[in-house]
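Each of the two complexes below includes chain A, the first together with chain B, the second together with chain C.
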Partner chain A sequence: MSKTSGNFNRTQYRLGFWLLLAPIVLWLSLLIILPHIDMVLVSLRERIASREYAFSFGNYTAFFTEPLYWNTFVRTAVMSIVATVMTLIIAFPVSFYIAKVLTGRPRIALFILCLLPFWVSELVRTYGWMILLRETGLISGALQWFGLADQPVEMLYNDVAIMVGLIYTSMLFMVVPLVTTLDSLDNSLIEAGYDLGGSSFHVMRSIVIPHAMPGIMSGCIVVFMLTLGNYLTPTLLGGKSSLWFTEQIYTQFITRFNWEQGAAFGILLLILSSLIVWLGLKITRQSFTRVMS
Partner chain B sequence: MIPSIPSSRFFRVSYLSYVTLFFIFLITPLVVVAAFSFNDALFPSLPWNGFTWDWYLGKGDPRLGLFHDNALLDSIGVSVQVAIVTTMASLALATCNAFLFEREQFPGKNFLYVLMLMPLVIPGVILGVSILVFSSTVANWFEVQFGIEIEALRPGLVLVTLGQFAFLTTIATLVISARLRKFDITQEEAAMNLGASRLTAIATVTLPFLKPALFGAGVVAFLMSFENFNTTLMLVGSDAPLTIAMFDRLREGSTPVLNAVSVLLMVGSACLALVSLFVQRPAKP
Partner chain C sequence: MSDHASASSADAGVQEDLACTLLSKHFGDFTAVDGVSFSIPRGSFFSILGPSGCGKTTLLRMLAGFQQPDSGDILIKGQSVLNTPPNKRPVNMVFQHLALFPTMSVAENIAYGLKRKGVPKREHATLIDEVLAKVHLPGYGDKRIDQLSGGQKQRVAIARCLVLNPAVLLLDEPLGALDLKLREQMKIELKRLQREFNTTFVYITHDQSEALVMSDQVAVMNKGQFEQVGTPQELYYQPKTAFVAGFVGDSNQYAGKVQSQSGDAVTIVTEQGVRLLSHANQPLLAGAPVTLFVRPEVMQISTSRPATEQDNCLAVTVSRVLFDGAQSRVQVETAEGAELTVALPQTADFQALEPGRSVHVSWQASQCLCFVAPADTKPLGTQ
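== the complex of A and B ==
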């Protein structure tokens, strides 16, 4: 090849590079970075007259002085953590069963069965729980039929209903990473643990769980974030008593048209979720890029 | 614990029943939704009054069936439009991104990669709200400076599409990058040695190799767009996509026509799942 054609290839190559770089930069700056910067700016201003704004921390002080906002925030965070832990506890034995106890076809079948409900919209799944839990619903009917209750029982619109819905919705995001990491654990390591005299509990604690840690962590992070940012499940299953923080954001933006306050709430929720994700990664010494991919 | 380790019968039986209970927990809500779409009653609740097709075929109030409910059918149409545009756009950008991250070396690459992952950790409601705030800032600026009103930047389907596109692109990029990483670049070089230009080589050798990933990412993007609620809720204008229309009816309390829509969604998702399994199978070794 002559030198000129080499050079030509090079410039063509550089042009190609810029053409590849431009769209991603446009996407990230116009749809992710600038909107969030703008949201910070909006949250730091106060309307003094029509179309006139002044810099102020008022929206943030309102959050700390108004107990309703503050309580909703803490409540959302605590319930999200509880839901994440419960999802992990429920999903772990099932994932272990799929990854380690079963083999061949039943294993693939059960894994697909696990994924199945999540091809259907979250709305439909929540609707299913509403039909089950409501006063005229199936569980109430079953309790009466068995004589365990003598009148219809309302099981909707309380914290337990919200919790059931959140755990149900999050299950997939826990089971998939758990099955994947447990699958990569060599059975002979477990056998060796027993051969060396370890009890089931001991083998679980010092061999299986350390190996599954990356899966546990990425599952927990995704579930926590989805739960914290969930709007549908708490609203539909919790009704008026749900007090979820995303509802506050929605109310400020859409119902009250107080965008400044809503933006401040959005930033606070974003900070909370980033903080907990960061803490989770720090505690288990995982890297963000690895957990996400 | 594992089959090669002996365990007590009691342990095995209770483990199996736990797993069985789990799957009952998983399946029940969907079965219930489907079953009540055939119940001959005005509300999706007990008692069971017998079988009917009314919630699919019913012609008028109060038993308006799905296939005559124009509001619901329109919202399905809106959802399909938004999902097609979003899927196409995010696949195009994701393919570019995959080439950028897998083929190019440049300063700040890791930083850009982390930024690219960001949409995954931003809660959907906040993503929607931030785009809402920014777009109206831009729209207000245009209005004040030039006196032009840009309708597209106000809540509506354009913003819904942009909002969904913002995070679906990340997911599609991850899927396509993973496939491109497995591609043997010498194949592309061979095509170029045989006289193809770089673009021809990519179009005739690399893109066909990426096809299963493109298809898989497309199916996921389409479904996620179709089912998206959080981001859409914040950006929606007067034309409601299906999830928003269903949500409004759910809160008011509705007839089992919603169950019929749900069954339609389940059937649709199942078909998509089957097609994607079928298309992706030959690619697996």
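== the complex of A and C ==
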């Protein structure tokens, strides 16, 4: 009797397990895996006549032979890495202050203040930056009013504007994992670091940063991915000179109607991001599972 | 003995590793440490014993430099360290939860302090091996912290401090997290290490057994002040205040009133109406409220009325037998309803002791103590 009811429980449990898993499996296979397989297939064909296609590596060779594609690709990668590092440099002290220095209400208040801008859509936030930075914008006006500039100053449509926008957009995704890991650092470890003769610099380097490393890496991975795949911020703040790789993909798909080339670019971007994340983990000797847990 | 440990001997601090004068710390309206003065002779094991919230952790953190006293001075080897930050003080601390660095191996944990102290790198290996051998963990240098057992972590935490040769080692209840057997072993181990390194240990605890077993000197702390400083024996046999008598060791406590006094001996009538004879070291007025302390082990239990005349002899009924091996106790009740806990010798005579049996309990007046009780407070755990 007890055995059969045990079996019944087990099958019930299994059924529940699969039912719970079903949405994520469907989501992954329908929206991620299937489109990507199709994308690989599309990228590997070439139109030879109307509605006639042949297998070809042409789309990939085009990427390597055309310097514009190449340069945009490298530029996007380098800018994304720089944006990630800058976000980390700015977010770390903020996170440390929230997690270790503040307590009680001010701590929650500051954390919410970091979160608040993200209640507004990215588009609106980016327009906010445009209002500040454009030729007729607030900063330009203020500079003229104070007599620091004798004519309107254009601060939009350059790399610095893109960088500012990217860092601003990514901040939260760095602060949250950092606050979480720093919060889990026992204060007595920091005190022990001082007690055994360490200066603030040593305590930071030998105790706080090694402890926060998984949080640093997970924040960096998320920020890097978001930045690399960002379309809105580089386009709006960088204008025509932004040269962001996602724009190339957009152009191929929408403007030039060249889905084959667009798909090849998409696959290349995926390979690039995976490669850089892998390299980052190797260099910092972190494992992906530890970082993501 | 307590004069020996008072602040008056602050002359040059030749024989003292650590001295404090009138140290105070307030948090808002709350006084955590209230004018504490003491000095610790070189190479001794000094414990601060008190209930939680008595201010002992605050005191220790001030010694380590994590908290700044509101007033008073701290002298280490005769030098004031008030303006010395924690990383420059010649004291090291074993934290309550040890605070070993989990991202480093055992050897790296020990090397951390050596590096900061500027010890040349080529000497590290020898020093680490030496100190690991002394704490009985030879060859453990390459282990990760999470591979160690509770007792081994304990030893690494101590080794990490002692390798730096601090003037004073501060220990913040490090044995609290261990199970009972291991704690008993570590008590003996700590005492051995203290002797071997000949370093002054300042140990804070709420566990009176830890303090009594290990210490040369114990300070009993209550409400931010030292109630009494002395050897474990003094605290146990000659407590100076009711708080010390109640906190150190187990005691039967009774509230009562003085009936009469002749010399050292006082006659006391407890609240339940039991008449008892006690020793008192101060003159007491008739009718004064007092608290009486009798230790379970001084009472003689016998099945018949004792042949020799005893100062106190009560006919009682057994209400409960609390068997605990050599520490077995029996709870008895007098006809008036006063409860007593008496140590139960594990001899054949008392094997058959059962609840409901009538026995006699007796003790000498010199073996119990009484203190004047403030009229407005309950006797338990107060001064």
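Basically, the second predicted complex is superposed on the first by the 254 of 293 C-alpha atoms of A that agree within 3 Å, B and C clash if a C-alpha of one lies under 4 Å from a C-alpha of the other, contacts with A are read in each partner's own complex, and residues count from 1 in each chain.
Please note the rule applied: a contact is a pair of C-beta atoms (placed from the backbone, for glycine too) under 8 Å apart; a residue touches a chain by one contact, two chains touch by 3 or more.
Since the model is a prediction, treat every value here as computed from it, not as a measurement.
Once the two complexes are overlaid on the shared chain, A:V42 sits against chain B while remaining clear of chain C. More residues of chain A are in touch with B than with the other of chain B and chain C. Judged by the touch definition given at the top, the superposed model places A:L182 against neither chain B nor chain C.
In the superposition on chain A, no contact is made by A:A161 with either chain B or chain C.
Once the two complexes are laid over each other on the shared chain, residue contacts for A:I24 go to chain B alone; chain C is not touched.
In the superposed pair of complexes, A:I90 makes contact with chain B only, with no contact to chain C. Legend: residue contacts after superposition of the two complexes on their common chain; A:S274 is shown touching chain B, with no touch to chain C.
When both complexes are overlaid on chain A, the residue A:P210 reaches chain C alone and has no touch with chain B.
Look at A:Y194: by the touch rule set out above, it reaches both chain B and chain C. Annotation: chain A residues 191, 194 touch chain B in one complex and chain C in the other.
Residues 12-13, 16-17, 19-21, 23-24, 27-28, 31-36, 38-39, 42, 90, 93-94, 96-97, 100-101, 103, 110, 113-114, 116-117, 119-125, 127-132, 134, 136-138, 141, 168, 171, 187, 190-191, 194, 200, 203-204, 225, 228-232, 235-236, 246, 249-250, 253-254, 259, 262-263, 266, 269-270, 273-274, 277, 288-289, 292-293 of chain A touch chain B in their complex.
Chain B meets chain A in the complex at residues 1-5, 7, 15, 18-19, 22-23, 25-30, 32-33, 36, 43-47, 93, 96-97, 99-100, 104, 106, 110, 112-127, 129-135, 137, 162-163, 165-166, 169, 174, 178, 198, 223, 226-227, 229-230, 233-234, 243, 246-247, 250-251, 258-259, 262, 265-266, 269-270, 272-273. Put simply, chain A touches chain C in their complex at residues 186, 188-189, 191-199, 202, 206-207, 210-211.
Against chain A, in their complex, chain C makes its touches with residues 64-66, 85-88, 91-93, 95-97, 99-104, 112-113, 116-117, 160-161, 164.
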